[in-house]
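Per-chain residue numbering starts at 1, and chain names A, B and C are given in the order in which the chains are listed.
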Amino acid sequence: MTTKAARPNIGAIRSSFAPWNDPGTKPLVRFDGVTKRFGDQIAVDNVSLDIYEREFFALLGPSGCGKTTLMRMLAGFETPDAGRIMLGGVDLADTPPHKRPVNMMFQSYALFPHLSVAGNIAFGLKMEGLKKVAITDRVNEMLKLVKLEAYAARMPHQLSGGQRQRVALARAIARKPRVLLLDEPLAALDKKLREETQFELTDLQMELGITFLTVTHDQDEAMVLADRIGVMDQGRIVQIGPPTEVYEAPNSRGVAEFLGDINIFEGIVETFNSPVASLKSADGHFKVVDEDCPAGGATVWLAVRPEKMRISPKAPPKGTANVLAGEIWDIGYLGDWTTYIVEIGPNRLIRVAQANASRIVEHPLSWDDKVWVSFDADAGVVLTR
Amino acid sequence: MAAIAPYLWLGMLFAFPFLLVFKLSLSDVALSMPPYAPKFDPGNIGRFVRALDLDTYGRLVSDPIYIKAWLSSLKIAAISTALLVLIGYPIAYGMARCSSGSRQLLVLAVTLPFFTSFLIRVYAWVAILKPAGILNAGLHALGLPPVAVMNTDAAVYIGMVYAYLPFMALPLYAVLEKQDESLIEAAADLGATPFRAFWTVTFPMSLPGVAAGALLCFIPIVGEFVIPDLLGGSSTLMIGKTIWTEFFNNRDWPAAAAAATALLITLVVPLMLYQRQQARVLR
Amino acid sequence: MRRGPSVFNRISIGAGLVFLYAPILLLMIYSFNDSRAVNVWAGFSTRWYTALFRDSQLMGALWITLRIGVVSASIATVLGVMAAVALARGGLFRGRTLFSGMVYAPLVMPEVITGLSLLLLFVAVGLDRGFWTVVMAHATFTLCYVAVVVQARLSTFDTALEEAAQDLGCPPWRAFFAVTLPNIIPAVAAGWVLALILSLDDLVIASFTSGPGSTTLPMRIYSAVRLGVSPEINAVSTLLIGAVAVGIAVYGSVSRRRTAPARA
């Protein structure tokens, strides 16, 4: 069981936190048409992005999509070839990395091997020229925050992976940066520790009130951590939105396919009486509820997540909408879920996920069983690209 | 930024002097005989250029002893390098197959001679090989006839192999040590005998190490002076010895410079190969 | 490559080590020979050693050689570290190929060429040959060894550490001294030791670049060797080998103590 830690009522704060919807709010960080090339390769392609005070923003994308480069440009380790990066309304172009009010937690943690835990945390404070007493106080405060009071004198190589991660975090926030940058913050931890740390990070961010920008290729991590996710692909940001939005209402097939599994049916809009549309595809007719569906005649793609489909060995009553008949081609048992791959036509495979709500099922579905897959009219989303 | 000081230093003290060597090789003997010291005078380039000629090279080409020395240097360097591969490879290969603890110790053992004086190591062989030396004393004790190795090419080869063995064994070891053992297992799994696995997997993959070691040995051996001087006889001709003799004994600086230029030109291609390899290591 | 050594492997290693060490050991043994003749063992004696210490010429040469070694190794270390940083971190600056060429070529360049060309330089600029010309010559070729040793260390050094220092408010040059240097100091020290040993050992370049009054120990040994094998040279050699062995042992144990906790 996860133990419950004392914390402020973050639920109320988080659910109402949406500065990006308020045109009056000024962004803390603004990427304005930023482009970066390495040789003839475009790493970041004309990216514009606003990040707001106290926001937890995640850049999500496959490796090589430019997300790390984008973040390193904010830290000052790369220089944009075009565009501007503003922090609190000030252009950072002429500010070298060591003068930028942002701090980074490196993927490798980059703890200084020749300095103790306390020495690592104090490093940035010394650079600020703080008095010895002030440094000691702040270091102790940080050690307490990351629960490493007993490890102040240890050297980095004497720590476990999770402890190192916390030292790196403490070192980066000791200077009270305006933005904390996290480069794949949890990638080096094992799965269990990763899940625990995810929640710790969100709590910490609420507590400190610092803006966090994280870079990750792990969609679960982005979903749990972030207020908003920016999905990146080949140097461009393809969608920005809260986790539920990018997952449930992706704006393209690319985003839909990158985040989780999805079944896509290509079709033509027959009729559209907002919000109900009728689509015609090679797999049959679909009835969909989607306000943003284009008018009749347009080519569209209906995207339905596997967990929003039902599978049954019995045919549903005649006249039920959105039914696909097929045979089970493969089964993947994951414990909490089972994924069925169903062949609904020659070489047409779809994916259906069912929660395993009971331990024992009397007639479990098996390979080559004849099944019927169905979904509700509001289960899918109509995509135009 | 950090490049500026070493750049200037090496430019002044390493690269630029080659031009002086080349210049001197084009001057006349009398002009540059010590104590005359040709001062570098940029204002007098016209006269300077007119004074240049190829006489020294003419002398070098017409005197067969220079050509012989040059050819013999290349021959000795090539044979020495081949011997070094033959002797160094089994040692490096054996080292790579030892456990990690003994490997560290063996690397140290092979490196250590490098830290002891080159001159002393060559001298040790003088004591062994000379007619009334340790080798012949040993042979005599065994009732065997003495051998005359000292002042022959054989002594030079022994000295070369001895002095340069670490330079061959260590790059070879570095390559062999990195080789993934599962490759040999895969070869065995696919039906290769250990012998075939060695020749079809291990050896081809170690060729970069062979090349590295060969260049590291060949280039300095071509210009080697101490070994042919101390172990070789008067019939052992090497260009490094020629340069030394011309310079110190005959006081013929232009001839020494011309011989050095010839040596340098000979080494351009091996040096470029070596450079390319270093650049690859750097990446 | 972890299958364990075969019999053939063991023989190769054994023969190789005998080949490498037997001549040195024989030389050391014969330095304690009471007889002047190399091929006759006339009993144990240390008389060649006592003779050495009374040889003021030899002692003078040793002193000059040590001074040249320490000064040139120190210059070489400063320049070599700078060159290593430029090579490992400089990216693609103008003239990089020429620069890396100048750093690597002296490692294999025949000494007669380096020595002759340096001499001509000193003559051309009218510099009197002596202590400082040898120092400059030695610093030139040993700096390349320092650069290679330090650059190898830098190439495995996580650049994120330097970035982290800058990220925490440290200007780049200070980051080098605050973070990089403390972590590569064993390699820098190794480079200095290597430069020192190479300088102490050098005969050819010193012969070209030294002047009257700056005759080094290898030059003295060389002229003695040309006259033939003598027990005094055996004794000098033994002392030099012993000094290097002690130096390496000390360095090894110090660097082991430094790195020992890292393996705990």
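Criterion: a contact is a pair of C-beta atoms (placed from the backbone, for glycine too) under 8 Å apart; a residue touches a chain by one contact, two chains touch by 3 or more.
Keep in mind the model is a prediction, meaning the values are calculated, not measured.
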| item | value |
| --- | --- |
| Central chain of the complex, centres being mean CA coordinates | C |
| Furthest chain, CA centroid comparison against chain A | B |
| Centre-of-Cα separation between chain C and chain A, whole angstrom | 55 |
| Euclidean distance of C-alpha centroids - chain A vs chain B, Å | 60 |
| Between chain B and chain C, centroid-to-centroid distance (C-alpha), Å | 17 |
| For the chain C and chain A complex, residues of the former touching the latter | 158, 160-161, 163-172, 175, 178-179, 182-183, 261-262, 264 |
| Chain B residues touching chain C - in the complex, by the definition given at the top | 1-3, 5-7, 9-18, 20-21, 24, 37-40, 87, 90-91, 93-99, 106, 108-110, 112-113, 115-121, 123-128, 130, 132-134, 136-137, 162, 165-166, 169, 176-181, 184, 215-216, 219-220, 222-226, 230, 240, 243-244, 247-248, 256-257, 260, 263-264, 267, 271, 274-275, 278-279, 282 |
| Footprint of chain C on chain A - complex, ascending | 75-77, 96-99, 102-104, 106-108, 110, 112-114, 123-124, 127-128, 155, 157-158, 171-172, 175 |
| List of chain C residues in touch with chain B within their complex | 1-6, 8-10, 12-13, 16-17, 19-21, 23-24, 26-27, 30, 37-40, 79-80, 82-83, 85-87, 89-90, 93, 95, 97-106, 108-114, 116-118, 120-121, 123-126, 136-137, 139-141, 143-144, 147, 151, 155, 197, 200-201, 203-204, 207-208, 218, 221-222, 225-226, 229, 233-234, 237, 240-241, 244-245, 248, 252 |
